[in-house]
Every structure is written in C-alpha cells, then in structure tokens.
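Okay, so chain A shows up in both of these, paired with chain B first and chain C after.
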Partner chain A sequence: MADITLTAKANPPFQPLDLREISPDNFAGKTPEQIASLPIWIGNHPSTLGAVFDVKGETSATPQDLTITIEGGLPNSRRIGAKMTAGKIIINGQTGIYAGAEMKNGQIIVNGDAGEWAGLAMKGGSIEITGNAGNFLGAAYRGARSGMKGGIIVVKGNAGSEAAAWMSGGLIKISGDAGLMPGIHMTGGSILIGGNCPGRVGASMTGGKIAVVGKTDDLLAGFQIEEIKDKAKIENDKIPGPFYAFSGDNAEAGTGKLFIHKEKNPHLAGYEAFL
Partner chain B sequence: MTPQNIIIKNGTVFDPVNRIDGEVMDIAVSNGKIVERVNESSAIVIDASGKVVLAGGVDIHSHIAGPKVNMGRILRPEDHYRNLKPKTAVKRSGVGTSCPSTFTTGYDYSEMGYTTVFEPANPPLKMLHVIDELNDTPMLDKACYPLFGNNWHVMEYLKDNRHDELAAYVAWMLKSVKGYAVKLVNPGGVENWKWGGETTPLDEPVKHFDVTPRQIIQGMCNAVKRLNLPHQMHIHANMLGTPGNYETALETLDSVRQIAGANDGKPVIHLTHVQFNIYGGTNWMNLSSGAEHLAKYINNHNHASIDIGQIVFSDTTTMTADGPFEFKLQGMTGARWINGDIEAETGCGIVPIHYKKSNYVHAIMWITGLEASLMIDDPWKVCMTTDHPNGGYFTTYPRVMAWLMSKKARQKLTNKVNKRARSKTALESLDREYTFSEVLISTRAGTARLLGLKNKGHLGVGADADIAIHDLDFRKIDPSTTPRKFRKAMQKAVYTIKDGEIVVKDGEVVKSVPGRIYWADAKVSDDLARTVETDLRQKFQDYYTVQMSNYIIAEKHIVNSTPVRVNAEV
Partner chain C sequence: MQTYQDVVCTVCGCLCDDIEVDVDGNKVMKARNACAMGTSKFLSYTHDRIETPMVRKNGSTQPANLDEAVTKVAEMLVNAKYPAIYGLALSSCEAVKVAIELTEEVGGVMDNQSVVCHGPGVLGLHEIGVSTCSLGEIKHRADLIICWGCNPDEAHPRHFERYSYTAKGRWRNGKADRKLVVVDVRQTSTARKADKFVQIDQGKDYELVNALRTALRNEQIQQEKVAGVPVEDIEELAELLRNAEFGVILFGLGVTQTVGKGRNIDGLFSLTRDLNKYTKFQIMPARGHFNVNGVNEVSAWQTGFPYGIDFSHGYPWYNPGETTVTDIVRRGENDAMLVIASDPIAHFPKDLANRIRKSPLAAIDPVHSVTTLVADVVIPSAFAGIECEGIAYRMDGVALPLKKVVEPSQGVLSDEDILKKILGKVRELKGRSG
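Our next item is the complex of A and B:
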C-alpha cells in the first residue's frame, strides 16, 4: 500500500478548479514532483496541481494499491476521481461538483460535504459521503438518458433533488433526507432514503426500487398500491417496516417498486381502501 | 501572408477526374493553386512516399450551421459533454459531436481531410444567423442552400402561372440572402401541416394555395434550370421517413424528367439523404428496403443524382426543416423535441435519436443506405453522406467508407444487427466493394462536379490547392481485408492543404484559415428584376414581420464572400 497526500495551500484560487487528473490511475508510478506538475485548469487558465496543493508521500506502481488523501476543503473543485478505475481517494473536507463522475471502480470517501452530481453516471466502485450531498447525486448528465449503472453511493447526511435520475443499476443509500424527485426516470437499481422526502418520489420510473423510511408529503398519481409489507428488501438489507408497497409509474407503464413507511405516513392510509 | 509554394513528392496520387489511379507523382502548389511545377529550392517539400495524395473532401450535404443546429445545441447539453476539445495555440476550444460548436466543426472536418462543406437547409429569414455561424466555421469553403419548398411567394407565383417572375424571385432571393443553391424540403407538405393538415403525397393541393407539391417541384426545377445555377435543385422529398415511401421518391424524380431535356443531359435534380426516402413495406413492423427500386431508376436515368444519408449506429440528433416528420418522430420515440415555424417560409424540428443495432427499424435503415450505395452502378451519381447529424456525425465518414470498400466490414456489423431485419435484406448477397477511386468520386470528385465547383475535387493544373494526404499505403493496407486500418488512415489526414497553405499536420490543425463563402449571383433581365421587386415590396408588407430592406444581407457581413456569377435565361 502507498499513500500520497495532497494538502490544499492557504488561500486557494476562487475560480473553478478542474481536478480531473486526481485519480489513482493518473498518479500511479509517478513521483510527487511529477504529480505536482500534472495539468489542471484554474478557471480558464491552465496550471498545475502543484499550484494548488503540496504533494507529499509516495505512490505505487499500480493504482490498485494507491490511496490519495486530500486535506482541506475545496468547494470549487471539479471532477476529483473522475473516470477512476481502482484505488482509493479520501477527501478530508468539502468537495465540489462531479466528484467520482463516471468512475468505474475503486473507492472515494468524502469526509465532508459533496457538491452537485457526485457519482455522475457512475458504473462501479463506491462513494461514501459523511456530510451532505448536493443535487443530482448519482444522476445522469443534463439531457442524457443513462445515469448510474452500478456501484454504491452512501450518504450519511442529506441529499439534494433529483438523486439517481435515469439510474439503471447500483445502490444509493441516503441516511438523511432527500430532495424532490429521487429516482426520476429510473429503470433499475435501488435507492434507500432513511429520512424524509418532500415528494414526487420515483417520478416516471419504469423499474428499480425506492424505499422511503421517513415521511413523504405526497405521492404521484401514477402509483398504485399493491400490498402492505413488513419489510422492504433493498439489495441485501431487510429494512423493517411496515411499508406500503406501490408499483408504477403508470404514466410511463412502469413496473418500478416504491416502499413508503406506513407509520410515518398516516396521510396515505386512504390507499388501503384499494387493497 | 501570401501562401508559400509547396511541392508534394513521391505521393501515390488518386484523381478520378483526371484518370489518375494510384500513380506515384509530384504535385506542385503555388499561390493557392495547383501548378505544373515550382522552383524546388524556395518551396516547402512534403515527402509523401507511402502515402496517398487526394483532393480535399467536398461534402454536399451536412448541417453544420444555422438556427436549427443552434437549437440542437441548446437541446442537447449531453452532446457537448462527450467531446471536449481544449484550446491549443491555434485552435479555439469547443465541444460536441452531433451539434459541435462552429470552430470544432471546422477543425474536425479539416483534420479528416475535408476542405469544402455545404450547409443544406436554411430558412432565408434566418440566413444572417447562418452566415454568422459560417463566418465562424474555419478551415472550410462553405455555402448554403436556402429553402424554397414551402415559400408563400413561390406558391403564389406558381398558382398564377408566373414562371418568369418565379425564376427572377429565386435569383433575387439567392442574391439577397447569399444562398448558393435551391433546397426544397417536403415541398407543400410542411405548409399543409402548419395549417393542421397532413404531409402530402405529390398530387394533393396545399391548403390555401391551391398548388400541388408536384407543381412546386416542377416549377422550381424549371426555374433553377433557367437560371443556370451551378447546382441543380436539391430536394428532400415528400413522405420522408414513412414506410413505403420509395414510390413517392421515384415519382419525385420522374416528375422532372422532361425538364432535363430529351438527351437526359445535365442532372436537374439531386435527391438528398435517399436512405430516409426509399423504404418498402406498409408499416413499421414490415418495413423493408426499397433500395433496388431506386437503384434501378437511377441506373436507367441521367437526370438525377443522389446522396445517401447513411445511418451509423450512434447517439445523434435529427434536425430538419421537415417539421411534420420530426413531430411524428418525437411521438414514436418519446424523445424531447423542438419545433420551429419560420413565417411564410418553412418549418423546422429537432429530435435526438439513438440508432441501435438491436432495433429492427434502425437496422433496416442501415441496410437500406448501404444497399442503395452498392446497387447504383455509377459512383458519379452517388454522394456519400450521413446527412450529418441526422444519420450520424460527419466524423464517422471513414467508417462508412470502410463499409463501402469492404464486404468484411459490412458483414461484421451485419452479424450484430437485428436478426429479423437481417433475414429480410439483400445486403449480404451484394459482393460489390467500392474501389478507392469510387470512394473518392462519391466524397469529392463527384460532389464537386454536382455542385458546379470546377476547381475542386481534383488535382489538375489550375485547381484550388485543397489537398489531403493520408497515411495509406495500399501495399500494406488492403481496405477489403483490413478495413479498420483503412478507417484509421482516413480518420486523420497527415497533411491537409487549404488554398496552398498547410493547415493540418499529423492530424492536428496547425493553422487556422477562414475559408470562403460561395453564393450564386444569377443575372436576370432588368425588367423582370424590377417587376419582382415591386411585387415583393407589397408581399413583405402583407406577410412578413420584417421589412424587405432588413431582410437583405449585405456582402460586408460575409468573410471571404465569393459570388458565383451566372447568366440566367430569363
């Protein structure tokens, strides 16, 4: 195992920082000096990693054994760990948008908040966010019709709106609350929302599973109640219920499954008449 | 800066116009033209041994600029996400594949060895936008074809049988908005649809105008012929994208046969992206290829030329002035849609599409395009296009070339397409493989001839020095058996020379040049011009939201304006 630490310098630039070079795939086999000279963009100006970070430690020959630790929050950073295929990135602090975009394998741990589009269209690997995640967690890019295909995203805090848009596989676990429209257009995969969700869960979903353990204010008209279940099975976890089990979204002739906690949502009791 | 003299030594030259087929020879360039010889001591010497030297590519039909391309850009952010091109010392940054930014369009074409690209469908009212974008599309010579197929003035002149005035109006229009050729898109059909009607076959009158699509086609074809325009009428036929529409396509071609004259002289009609227009079957479930019917017709007649509009399995954007077709398409695919209505002139629609091998209809489309290319014997009548971006991006041209040149490449993909589609096709029985010269005819020599560009598409003395050099050694690469290597070689030019300047080296742009914009200036008699202008002044008052004086685009707006002057017969 090899560790390399990037420590953000004091007074970092305020412009967007394109840090797509930060991934074990790019760092493997390079010396700290070589890493410091990797190209980045600060706003519209090309620069090097060394301009923003102090690079210390040593790297391994292969990305599998490499752990990159980033010290210091950079809310204006972009694309850390994008397209990574192996290894581990630990971010101690806040990170910006597109963290782990299109990653294929490996692990990203954010000890802090993540910005919008964390895990954009990811294919595999895992992302753990101890703080809050922004909007479009694990979603498709704007306009694209394929989102997250595999892998796991775990958020300990809250997530923003449109989490898992166009998701077709993998798992997203949000311990806190989710924003509007989690799982919009999803065709497969699973979402577990531990907290509350203001509504429109699973809009236009045609497949996959969503479980809401907390309260949701409204339910879209495209969902029909199927049964009341004691437990909801999300991947390998059995979540204790009871849950209202819905299927939908009928607006799209969908066969997605939606589990809404029964006791936290007494306003949905009217659906029981249709059982 | 004056372009320097260049001498390209020992290249394997292919030039179908001058019947040079793989001869090792030198090409000399001076002052932007190809010349007999130059003084070697003062010239840049390019060693092209083991490489092919070709005329720069000429694309007859590629949607690269204008309001609909721009709406495509707005509609498809995910398209920009795919192809990020950072700026270099000479290049500006850009993005996009199916609707790339203007600069990227120019660079990508040039890096592929293309030097001339014509933008084929522009609402005259929005032409200033088109010109602005073409000004910003570097590396290429360009021109655009304004739309006339659903133009109110055209239909009114035809209704009143005023054919001289119609021709003069077309001349006025091309001159005013700086168009090069006449384009008809679903003549009459778009206008009919705008009034709530259906898109029509050839003999149903257009609502409120009482002329039929057939009359529009014949009238416009006649007008183009009498104006002596450099390019014949360029038509996107009625009933596009409808099962069984090959009959309409053939009727369209046949409706103007008389106009060509008894000896079937110069072509008078160019049927564009025929792949979308030659389906058999009666519905989408039993859709089939009607390529053999078209091929039979084209093989027996000389008044028509076509381009293919081959589809490539990819995620792309359809954009056309055929509003009703796009309306149907968004209904079928459920994809998002932009519709545009250009007052008194035309319509427009944009819908993203993902062509999939597993899809029966898409597989038939792919097969239809290739069948048409292979069944028509004379390559001078067939231009290779993908109708960028409707069938696929222009950057996939080398792939299409490889399919044409290699049965192996076709077979490899045929094995992967929808099985039911495969069982219904004659593609696997077609053994023809294009020769390299035939590919060059359908990508540059033939297209240049059809566009009336005498100085392009060949390497004879006096031609524009638009040259592409590709790393293709036919002693080592046989396109038939190693199509992938051929494709790679055609994807990036080793050198592209534009007007005598080296603009691409080793597949990278090294110099940015603006390129010209061609437009047709047809001289009609003064009396007729005055009559039409008086007419139009009234019609602009009646029909348009703009004044006539604001409609006309001044030549000063155009970078390297290059009028092509012709004398009309009216």
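Our next item is the complex of A and C:
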C-alpha cells in the first residue's frame, strides 16, 4: 500500500478549482514532483496541483494500491475522484461539486460535507460522506436520463433535493433527512432514507425501491397502497417496520416500490381503507 | 410629425408588432394600439436616463468619457479569473451575440435573466422534450387554454386579445369557441375571467400535475384531495383536457419558481406529452422580458446551451446549479461582474446582492437602477426598439425586427456597439486581433 497526502495551502483561491486530475489512476507511478505539476484550472487560469497543495508521500505503480489523502476543505473544488477506477481517496474537509462523478470503482471517503452532484452517474465503487451531501446526490447530468448505475453511496448526515434522479442501479443510504423528490425518474436501484423527507418521494419512478424510515409529507397521487409489511428489505438490510408498501408512480405507469414507516406517518392511515 | 407603422413593442414576451408611433422632432408623442405598459414605455423612455459614463474614483462615481469607462470594464474582465456577464433580456439579439464572443474571449460565465425566470422550464425540456406551437396556432385553433401559474391579464395584457382567449381566429371565433381554465394559488384577474378556476395550495403544483396524469391513465387516486383540490374535480379536469380539440397550457413563474422548480415543468411537459395520446395538446412558457427568449435562442445556437454558459476552460460548459450566476455568486466564486440591461442588485436575494458588491461591478443600462447606483463603472446605452434597431424573439420563438423611431442622445450607443468596444479593448489588452 502507498499513501500520498495533498495538504491544501493557506489562503486557497476562491474561484472554481477544477481538480479532475486527483484520482489514483492519474497519480499511480508518478513521483510527488510529477504529481505537483499535474494540470488544474483556477477559474479560467491553467495552473498546477502544486500551486494549491503541498504534495508528500509515495505512490504505487498501480492505482489499486494507492490511497490519496486530501487535508483541508475546498468547497470550491470540482471533480475530485471523477472517473476513478481503483484505489482510495480520503478527503478530510469539505469538498465541492462532482466528487466521484462517473466513478467506476474504488473508494472515496469525505470526512466533511460534499457539494452538489456527488457520485453523478456513478457506475461502481463506493462514496462515504460523513457530513451532509448537497443536491443531486448520485443524480444524472442535465438531460442525460441516466443517473447512478451501480455502486454505493453512504451519507451519514442529510442529503439535498433530487437525490438519485434517473438512478437505474446501485444503493444510496442516507442516515439523516433527504430533500425533496428523492428518486425522481428512477428506474432501478435502492434508496434508504433514515430520517425525514419533505415529500414527492419517488416522483415519476418506474422501478426500484425507496424506504423512508422517518416522516414524509403526503404521497403523490400516483402511488397506491399494496400491503403493510413488518420489514423493508433494502439490498441486504432488513429494516424493522412496520411499513406501508406502495407501488407506482402510476402517472408514469411505473412499478417502483415505496416503503413508508407506518408509525411515523399517521397522516397516511387513510390508505388502509384501500387494502 | 412622422408616424411609424408596425412598430414592435419592447415590454413583454408578446412583442406586439402593430404599434403605431407618432414622432415629432425626435420625441415620441403618441403610441397607438399598445397596452398601458407599452404606452408607458414609449412615452416615458426619456425618464431617469443615465446622462454620461461613470467611473468610481476614490470611493465615489465620477463622470468619465466613454473610452475611459470601456477601458475600465475591459481591464476588470481581463484581470478576473472567473468573471460573470449577466443580463441582456432587455436587449437585442445582436448584443447577445457580441456578449457571447466577449465571454469566450475573457473565459467567463454568461448568464441571463432566465436563471430567475423560466430557466427551470429549460431543465424540464432537456429531460422530457416539449410539444409546442406558435401563438398564431393558438389564435386560430385552440379551444382550450390553460393558464397555469401565470396571469396574462396583468402581465401580458394583449395576449388574450391578439393570440389566445378572446382573439378571433380562422376556426375559433373568440371566447365563444374557447374555454379558459386557470390554475393558481389566488384569484388573479385572469382567474376572474376564466370559465374554470382551480385554486390550489401554495407549492403543490407538482402534486396536481401528478394527480392529473394519474387520472388520465384511469388509475385510482387513493386520496380525498390533492393540492387542496377534491379528487372528483381533478378527474373532471382530466376529462376536460382529454376532450379538447386543441389544448394549450401557458405557464408562468407561478410554477417555474415555486417548490420543485424545473421538476414542476418536467411534470407539465410530461402531462402535455401524455395528452397527445388522446388529442392535440401544446405548452408554452409565458415569457416576461421582451427578448429573454432571444437570449436563450441566440445562446443556444451559438454555444449549444440556453443560459449559464461557462467558458472558463475555453469551451462552453453548462450545468445550472454550477454555472448559473445565482449559484456562482452564492458560493462567492466570481471575481468580477458585467451587467447588461438588468438589475440583479434589486432582483436577487439580499445576501447575493451584497456578495455581488464585493467584487468589481460594471453596468450597461439606459436608466438608473439599484445596480447602476452601486456599480464601479456605468455606461449609458440606447433603448433597443426605440432608439436603435435589432432582432428580438417572441415567447413562441418567432423572430421580429425592432424599429428605431428616435435618435438616442449624443454619444449614447446601443448595447451591441458598447460591447463591441469592450471586446475590442479586451483583445487589445490581451494582444490579440479579432
């Protein structure tokens, strides 16, 4: 195993920092000096990683054995770990937009908050965010109609709106609250929301599963109740209930499944008349 | 006295092109056929005008000559690492074209008022697609008009008379042959004229759209009320939509800027798509500023994207939420801003307005605004459609030529010419030729 540490220099630029070069795939087989000379963008100015970070440590020949640790929060960063296929990135601090976008394999751990579009259209691997995630977690790029396809995203805090838009596979676990419209247009995959959600769960979903363990607002009209289940099964986890199980979204002729915690949502008791 | 015929009004997205303007000695005396807003603009365009370019020196703005102001703006843009260029919805397409060239040259971000207006509708369009038509088709064919979250009676006063509800078309003789349905959170003056008014709970547009789509598929709705509307009424409305011969939904900021934003329009576009299984149905945004559609159109055919276009890497990149001016300012990532024909300091939320003021700010505008009051450089410009010519796009995407009916004041140029001067200066500073 090899470790390389990037420590953010004092007074980093406030303009967008395009850091798409930070991935084990790009660092493998390079010396710290070579890594420091990798290209980045500060706004519209081309620069190098060395201008923003002190680079220390050793790299391995292959990305599989490499761990990159980033010390310091850069909320204006873009695309850390984008398209990575192996290895590990640990970010100790806040990270910006597109962390782990389109990643195929490997692991990203964010010890802090992540910005919007973390795990955009990711295909595999794992992202763990110990803080909060921004909007569009694991979602699709605008107009792409293909969001997260595989892999796992775990958020210990809260997530923003439209998590998992156009998701077709994989798993998203949010321990805290989710924003509006989790799983909009999803066609497959699973979402577990440990906390509350303001509403529109599974809007226009045609497949996949969403479980809400906390409270949610009224469901969309396109969902019909099917049964009351003691447990909800999300991938390998069995979440203790009881849960109202719904299918929908009928507005899209969908066959997705919603599990909404019964006791936390007494305002949905009216649905029991349709069982 | 000279009378100009078929002048295009430059207030709202209706772009009424039947205005007759009387001019006597470089002064507009009368504007016939225009609504109150149009008349007011034609008769009072001389009010509150900026007399001279201004440049901030030692804390206060001082009158300056045009070259000095242009040089200041060019330096501001060239020295910035992430400049934003914003506005243009009240300008001509020709000016938009130069602004795009300028943004590319300085590696900045170009955005327009759609971001706080109908931009979210574009996001719905990307993913669902849109079935739309011209205003002429509505006039001649539509038998069902739905105003959803918009109030054309007050915001587009001649829309009904020229293009929709009360217009006498070839196959529809005014309102006798049409039905007007209004969906809104309060009884607007449009709603008072409607054959059917559906009053919904605030921020529940998506819920109602979803219920309508569910009802259209004859699926059971297991709730008593959705968005505050009884389910029987929703089913009745779905039936009304299904049985129209040619229906059209006009939507406004009441849906684009409420909870869910672009997803509300995603839902409305999906509803329109679904309705086309049964009948002919169209949907159209009721655009506000007269050429906000033009900025979207010109940006889209020049760069591929309608708003929020980031040239920082040398090629256009777009992702509203990342590259839109509101979000860039919210994150504090821009280091200069040029505003053209807009007033973001007055229109954006207070904390964003405060952040805009933290970096160099320049404004090009014919009249005083809150933005020109706080800007570091101000350049006065001529009113497109009154003092200079140009092209503008109507809300349905029809391009119309704007007329010049009076001469601008001595030394006052059009937005296009000012931007060309700035672009020339930028290229000079960067040691490049056009």
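Operating definition for what follows: the second predicted complex is superposed on the first by the 275 of 275 C-alpha atoms of A that agree within 3 Å, B and C clash if a C-alpha of one lies under 4 Å from a C-alpha of the other, contacts with A are read in each partner's own complex, and residues count from 1 in each chain.
Rule of thumb we're sticking to: a residue touches a chain if its C-beta (ideal position, glycine included) is under 8 Å from a C-beta of that chain, and two chains touch if they have at least 3 such contacts.
Predicted, not measured: the structure shown is a model, and the values here were computed from it.
Undergrad: Answer with clash or fit: chain B and chain C placed together on chain A by superposition.
TA: clash
Undergrad: Which partner, chain B or chain C, touches the larger number of chain A residues?
TA: In the superposed model, C touches more residues of chain A.
Undergrad: In the superposed arrangement, which partner chain does A:Arg200 touch: chain B (first), chain C (second), both, or neither?
TA: So A:Arg200 only meets chain C here.
Undergrad: Using the touch definition from the top, say if A:Phe14 reaches chain B (first), chain C (second), both or neither.
TA: second
Undergrad: Contacts for A:Ile225 in the overlay, against chain B (first) and chain C (second): which applies, first, second, both or neither?
TA: After superposition on chain A, A:Ile225 lies in contact with chain C alone.
Undergrad: Taking the superposition as given, does A:Gly143 touch the first partner, chain B, the second, chain C, both, or neither?
TA: In the superposition, A:Gly143 contacts both chain B and chain C.
Undergrad: Between chain B and chain C, which residues of chain A are contacted by each of them?
TA: Residues 141-143, 145, which sit in both footprints.
Undergrad: Can you tell me which positions in chain C touch chain A when the two form their complex?
TA: 80-82, 106-108, 123, 126-127, 206-207, 210-211, 213-215, 217, 219-224, 226, 231, 234, 259-260, 263, 266-267, 270, 311-314, 318-322, 331-335
Undergrad: Quick check on the complex: what are the chain B residues that touch chain A?
TA: Per the touch definition, chain B meets chain A at residues 75-79, 81, 352, 354.
Undergrad: What residues on chain A touch chain B, complex-wise?
TA: Residue positions touching the partner: 140-145.
Undergrad: Can you name the residues of chain A that touch chain C in the complex?
TA: 13-16, 18, 41-45, 75-76, 78, 97, 116-117, 135-136, 141-143, 145, 162, 166, 180-181, 184-185, 200, 203-204, 218-225, 249-253, 270-271, 274
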